[in-house]
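Multiple structures are listed underneath, in structure tokens.
Look at the two complexes coming up: chain A is in both, with chain B in one and chain C in the other.
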Partner chain A sequence: MSITAETAKEHANDPAVLCCRAEEGITIQASNLEDPAIFDDLVDSGLLDLEGALTIEQVLGATLTKTCDSLCPLTADVVEGAKAAAAPEKAAEEAAEPAPAVPAAPQAAVGPGQVLRIHIGEGKDIDIELPVGLANISAPTPAGVPGVIPALAADTEVQETNEEKIVRTLTRKHYKITEVKRGPETKIEGTTLYIREGIEKECVDSQELVFDLKIDIITPEDYHTYSETIMDVQPIACKEGEDEVGSGTTRVLDGVIMMVTGTDANGVQIGEFGSSEGYLDENIMWNRPGAPDKGEIFIKTQVTIKEGTNMERPGPLAAHTATDHITQEIREALKELENDSLVVDTETFDQVRRPGKKKVVIVKEIMGQGAMHDNLILPVEPVGVLGAKPNVDLGNVPVCVSPLEVLDGCIHALTCIGPASKEMSRHYWREPLVLEALHDPEVDLCGVIFVGSPQINSEKFYVSKRVGMMVEMMDVDGAFVTTEGFGNNHIDFASHHEQIGMRGIPVVGMSFCAVQGALVVGNKYMTNMVDNNKSESGIENEVLACNTLCHEDAIRALAMLKNAMAGEEVKTAERKWNPNVKGTNVELISNVTGKPIELAKNEQSLPMSQKRKEKYD
Partner chain B sequence: MKELKYGDKIIRMEGVIIEVHDGCAGIDLKGRLGYLKVPMRMLITDYPLAVGQEVAWNMSFVEQLGPEVNDKYVSNLDTYNRNQKEMRKTNAENKEAEE
Partner chain C sequence: MENLQFLLRQHVGAPCEPVVKAGDRVEKGTLIAVPAGLGANIFSSIYGSVQSVLEDRIVIAPDEEQKEEFVPIHEGSWLEMVKEAGVVGMGGAGFPTGVKLGTDLKGGFILVNAVECEPGLYHNIRQIEDNIEMTLKGVKYCMEISNAGKAIFAIKSKNEKAVEVLRKAVRDEENISIHLLPDIYPMGEERAVVRETLGKLLDPTQLPSAADSIVINVETVLRVAEAIDFRKPCFSKNMTVVGKLKGGNEPHVYMDVPVGISVGDLIERAGGIDGVYGEIIMGGPFTGKAVGKDAPVTKTTGGIIVTIDLPDLHGAPVGLLVCACGGDEARMRDVCEKMHGNVVSVARCKQAVEMKNGTLKCENPGNCPGQAQKCLQFKKDGSEYVIMGNCSDCSNTVMGSAPKMNLKVFHQTDHVMRTINHPLYRRLKVSKQVEQLPEGK
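Up next is the complex of A and B:
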């Protein structure tokens, strides 16, 4: 297919190839040329050889000296009047190392406000000499380091007059639990949590669709037991007094979590596709934001719901609600604790606004296709059920929340398929991107937008346009768009990029992609991407929360957005997934910040049968 | 990860939607070539889903990765099937008792 003059300009340095047969003597125009976007496939399959091909910029306006067929690369021997070879920068670019997504951009700053900027997209053996008159400049950043950090540092000095403002504060009081027992009543005594015997019956009775509910208390010694698919992992927390989610004081139990599992009455998994059933210790990626930490006690419910409802919306919801009956009783017991002598740790989260700094927003796409692809938004208690609205019922439209509401459990996730990439309720409780952006003194995080991902395309675009409008009104300088899992949600993910990008706002996307979750669609605004993959072979490895957004990804995304906001270009991704890109970027970032970034472990650290290892990795 | 030998031999498959649930859809492959049940997220839809709609996708043939049997999966499957059998039985008995 021929290209437009505009596309030709964008691809000025790409090889020129005829899109269709062209006669001798014609003047070559954009309409004679093929779109370079498809070349990689053609080269891979051997249909095209680009050796010696001139660039589009060179051939435009030149004369063809020989009649050529379609898909014929234009080389010097068939073209007359081609322009001189492109700038030598191009050659340097090709010779460069495998692409880091954050560009190597050495920069030298000349004091606040007045900046001498030397931008080199990518290069090798480049000597820069400056007149001695400029000797008062600070030492240039070592080459191969994202250049934006010093620029922002300079910014900081200028903006010092703008004071930070604390909008609201959230305090988390931690209560340590070392033992969970059954007893005549639900209570907390010292570090022991008692769960009332017979509470199961009330859970069952509370939900028409729930036929049975079993509670298993899993201690670290019992990690090697079989479990049905893990539907959710939740913190056990309650608000103090009349406080609301997102502010005031929250009490949380440490060392123990709720875990929802279940089947329908015929023994079919709820959710059916999320195959994390099996031995717990082989299926959980410990210490991920959404997963249990190694050493924690699980209060695991195994809920049996009416046969055939496992794939209908009321089914998974009933299983969650029945489990929440227990959690709610623990919350009541936690609320009743009168003295603070049992508090082992107190954490304070300030929602800080930093006027004058780059204003950013986080758009989190959550699932909204129905059934277990649903989320309860803003319950009364952290990760509760009561008072919350399912985002499917809200029409999946964007909902604005404060960063502290996210960290205080405003999302009760019904969590969908794909154990490795789904975001559990606990994930939001420890959301790394929100935490990083909130604590970063160089950006002003204005809020978080949750937007559902509906099933039908027209609805996807409907909600996506609302996201665009909302972000426009916020007047932000940059945006993050994150999504969980992969599938048709990547269509709205792409659309969110477009809606935000077309308003001139730099946007960084975060998703699990790698090999298996490769994006189904794309657009010209999707240039800055962070892959959440951690698995060795880049696939859905059936290990709970393995490929979810972690601290290291949050740091990469923040660094990338800062680069994008400073106008740096991020290098195009390679055609095939290359895990080294991440490694290089992480190294670049830690070189600049001086802080080593510890990478999260992946499934290789878990006990695994030798055979599975052979097959998958 | 083992490379596929025939992974690039992509063929167009067509099917008919025969089940629609809130969370998934069941598809019969035309020509009795099989049955596919996929979660909603793996379906790209421009219109509301309905039984009888035709769908199409590209796929390659399914290749074995090797002759080995993965004991973990066998054990999980055994447990799962055994549980399912027991639960079906209990469920049927409960139903009878109710009637």
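Up next is the complex of A and C:
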């Protein structure tokens, strides 16, 4: 479509193409030219060949010497009076001219917006020394306005408060489990976990909608076992004494996880967009933050819920609650251990605030459409059920939590779309972006906002506006927006970007997109995106947790946000999904930090399942 | 002759209020409804008796015998007589002429719209050819009433005979000239006429008065002259009936058709429909609407077109390109539905601006702003076909990209053009520039 004079200026060096038929003798104006923004599409469609085209800057004001039709590139043979393509030289000349009267003072570096921008494209061993009072250098002051800004006193204050501050601490005590057995009572003896025989009946009885529950102990030798769709993977952990989720001490079992699987009474998988049923070893992407690690033992429940309730909220919740009956009994047993001699490892997480550093917030969009798309927020025990509020019931409004609450299991995830991109409960326990941001000495992570993704568009915008307000009040310098799944939730994902971006806050988005999850909506603030895809063909391949946020994604997002906060522009995305972009970026980051980054494996490292063979690869 | 129906809303403004009741005798020229607010008087066009007064119309049963005489309007100032006669813009807009001419142009321009831009219509041009004397008289009245210094006839150069007649008529008129226009659509849009004749492009919200001018349809001018010279109320309409009619697709031009007569009556008068047909369009191919045979003629009805059957797309996915120059989205969907197309994408021309009343106006009528992006949208949304309602220039642009994307293109007017043997709106082959007459004479 025809462009305005401003657009023509922005695209001065892009090729000039007629948007419509123009007759011989006209003076070429911006309104005769097609918008360069669609050239790629046009070239792809075979509609346009830009060979030999003059630039927009060259043709403006020139005369067309021949009647040409729409989408005709303006070449030298149809234009008379085109400007020569020598703009850069001219600019240099102008700059070289002495600037009379105005002293070329430090003001030149500090624009009227009071921003000092230092751009280093590539470099090594660079020391930049700036006077302490630099922040107070004012731009040439307009007459009559006092240009002095509160001076040294403020600087000293800043200096004093610039030290790291530990807000709270979380300790994780790890207990090693090497064997899981059934026995007369649930207990931990040495490295053996016993689960009470007959507990299944209590689980079933506790939930009206649960018709049956089976427990399978899956050891590495049994990985090639058929399973119904995996609904969730959960750490087995409890708080010590009166400690609350997010602080104090947490006890966690190593080498074993809870796995919730199930169908309805008609045998329909409890999943909406694809499901991960099949042989476990073919359908689990090992060692993803949310997935089991290879070598772990699974306490796998296979829950059968009332027919037809697989797509309603109470059904999946009942399956989770029934399973948690077992987990809770293990937690009780874990709590009773008095001897720290079984502790094999102790981890400490400090919630550090870094005043003076770039303040960032992580907004995590979690599913809240109802049915199985729900999340229980802040249970009493890590990833428990008791005491938690479903975000759907909270109206999906944003809820602020501390990074340590995230890492301590404040989310019990019921989410179900789709197996490869959903973030299961264990994901939050090992959330890579939270961990990276928390440990990065260059940023000040102030907290995490969870916001549900409602089903209805009006509600999506309702919650999104709350996110905008919340982030505004935090006075952050930058924000991450992450989401799980793809499709419907991308509408609010996009809106979160807009709400944050319109407040002048740089924002980096993270989602599975690639081919199948390509964004359905967008806006001008969605310029910094990290794709969580790992699959070979860029698809939701129904391999559990394959395309979820991993360490390699977290570091890319962090690097991107730092650049965005420094005013760097991220290159426009290529038109088609190109996995090499990620490779290049990872390499760049690795070169700068000096740390090698090992990329996570994808489904190609797993034995090929019949389903994958037929449907995907 | 069947009953006649006089719609109470047949021009801009609120519906008129009836001043007759069932059983009343009416004559040709009897006032039957008066405006409530902005509007114009409505008169009976026949002798007869009022059958019924309905919410939206007055139904009159005609007498067997009809006389030529009519009830004259009162003597008064020229402007008062135009108002009383209920003259409205006959080009289709229906704005009350008495209000329009009430503007003091302070030496500005009367722009006589003789463009007759909708293909297939001939009654405006025929009027110039057959009745230039009265037409010219009307122009002078309009100039006098509105205090205009000049008048310009805007007419397409292809109408050679009418142009010759006009040249003769204005040769000795110091203040009246002719501006020739190319044969592209649309040139008759009010702001296009101003732009072409005076070189000033108005915003969609501006009236021609912003360019010190009044644009007035050539038939309206004639009705003004009739009101003043003959004290004749405005109750008749010049029209073209054309299409798939017995006897062929040549246009039938009817002068002074009584307002209120049914479309069906007129079609019968023109020979009747020839076999299977697609639509009956009231108005022109671009801006007209499909109607039934019982729809009545109003003061703004210009054409009645009976079309051939529409092609069948068998449910194929269609993208609609809606534009201010053609039908609105409802009309485009109507055409698509009749073609059994499935609308999967709707785009609106970049230049089509929505007015407060919901209608679309083009920012620069007849000059394309580019359509490639719209075609990309259609392709992306899975369209196989495009139905466009665009002007000549935009249609040309669509043809520059859609076919290369394997989109098959239809124009909203195709079935009409095929009916009347007019070239389809696709590629633009004529220049937008026309050589003007020396000094407009």
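Methods note: the second predicted complex is superposed on the first by the 452 of 617 C-alpha atoms of A that agree within 3 Å, B and C clash if a C-alpha of one lies under 4 Å from a C-alpha of the other, contacts with A are read in each partner's own complex, and residues count from 1 in each chain.
Rule of thumb we're sticking to: contacts are C-beta pairs under 8 Å (C-beta built on N, C-alpha and C of every residue); 3 or more make two chains touch, one makes a residue touch a chain.
Predicted, not measured: the structure shown is a model, and the values here were computed from it.
Engineer: Once the structures are superposed on A, label A:537 by its partner contacts, choosing first (chain B), second (chain C), both or neither.
Structural biologist: First partner only, chain B.
Engineer: More chain A residues touched by chain B or by chain C?
Structural biologist: B
Engineer: Where does A:265 make contact in the superposed view: on chain B (first), on chain C (second), on both, or on neither?
Structural biologist: It touches chain B, and chain C stays clear.
Engineer: State whether A:69 touches chain B only (first), chain C only (second), both chains, or neither.
Structural biologist: second
Engineer: Looking at the overlay, what does A:367 touch: chain B (first), chain C (second), both, or neither?
Structural biologist: A:367 contacts chain B only, not chain C.
Engineer: Does the superposition put A:41 against chain B (first), chain C (second), both, or neither?
Structural biologist: second
Engineer: Taking the superposition as given, does A:307 touch the first partner, chain B, the second, chain C, both, or neither?
Structural biologist: A:307 sits against chain B, while chain C stays out of touch.
Engineer: Touch test for A:31: chain B only (first), chain C only (second), both, or neither?
Structural biologist: second
Engineer: Is A:457 touching the first partner chain B, the second partner chain C, both, or neither of them?
Structural biologist: first
Engineer: Quick check on the superposed pair: does A:21 touch chain B, chain C, both, or neither? Answer first, second, both or neither.
Structural biologist: So A:21 only meets chain C here.
Engineer: Which chain A residues lie in the overlap of the chain B contact set and the chain C contact set?
Structural biologist: Overlap of chain B and chain C footprints on chain A: empty.
Engineer: Once bound in the complex, which stretches of chain B touch chain A?
Structural biologist: 1-2, 21-24, 37-49, 65-66, 68-73, 75-76, 79-80, 83-88, 90-91, 94
Engineer: So in the complex, which bits of chain C are touching chain A?
Structural biologist: 350, 367-374, 376, 379, 393-394, 396-397, 400-401, 404-405, 428, 431-433
Engineer: In their complex, what parts of chain A are in touch with chain B?
Structural biologist: 211, 226, 263, 265-269, 271-273, 277-279, 282, 304, 307, 311-313, 316, 367, 369-373, 416-417, 453, 455-458, 485-489, 491, 520, 537, 539, 608-609, 611-612, 614-617
Engineer: Would you pull the chain A residues touching chain C in the complex into a rising list?
Structural biologist: Going by the criterion above, the answer is residues 1-2, 19-21, 23, 31, 34-35, 38, 41-42, 45-47, 67, 69-71.
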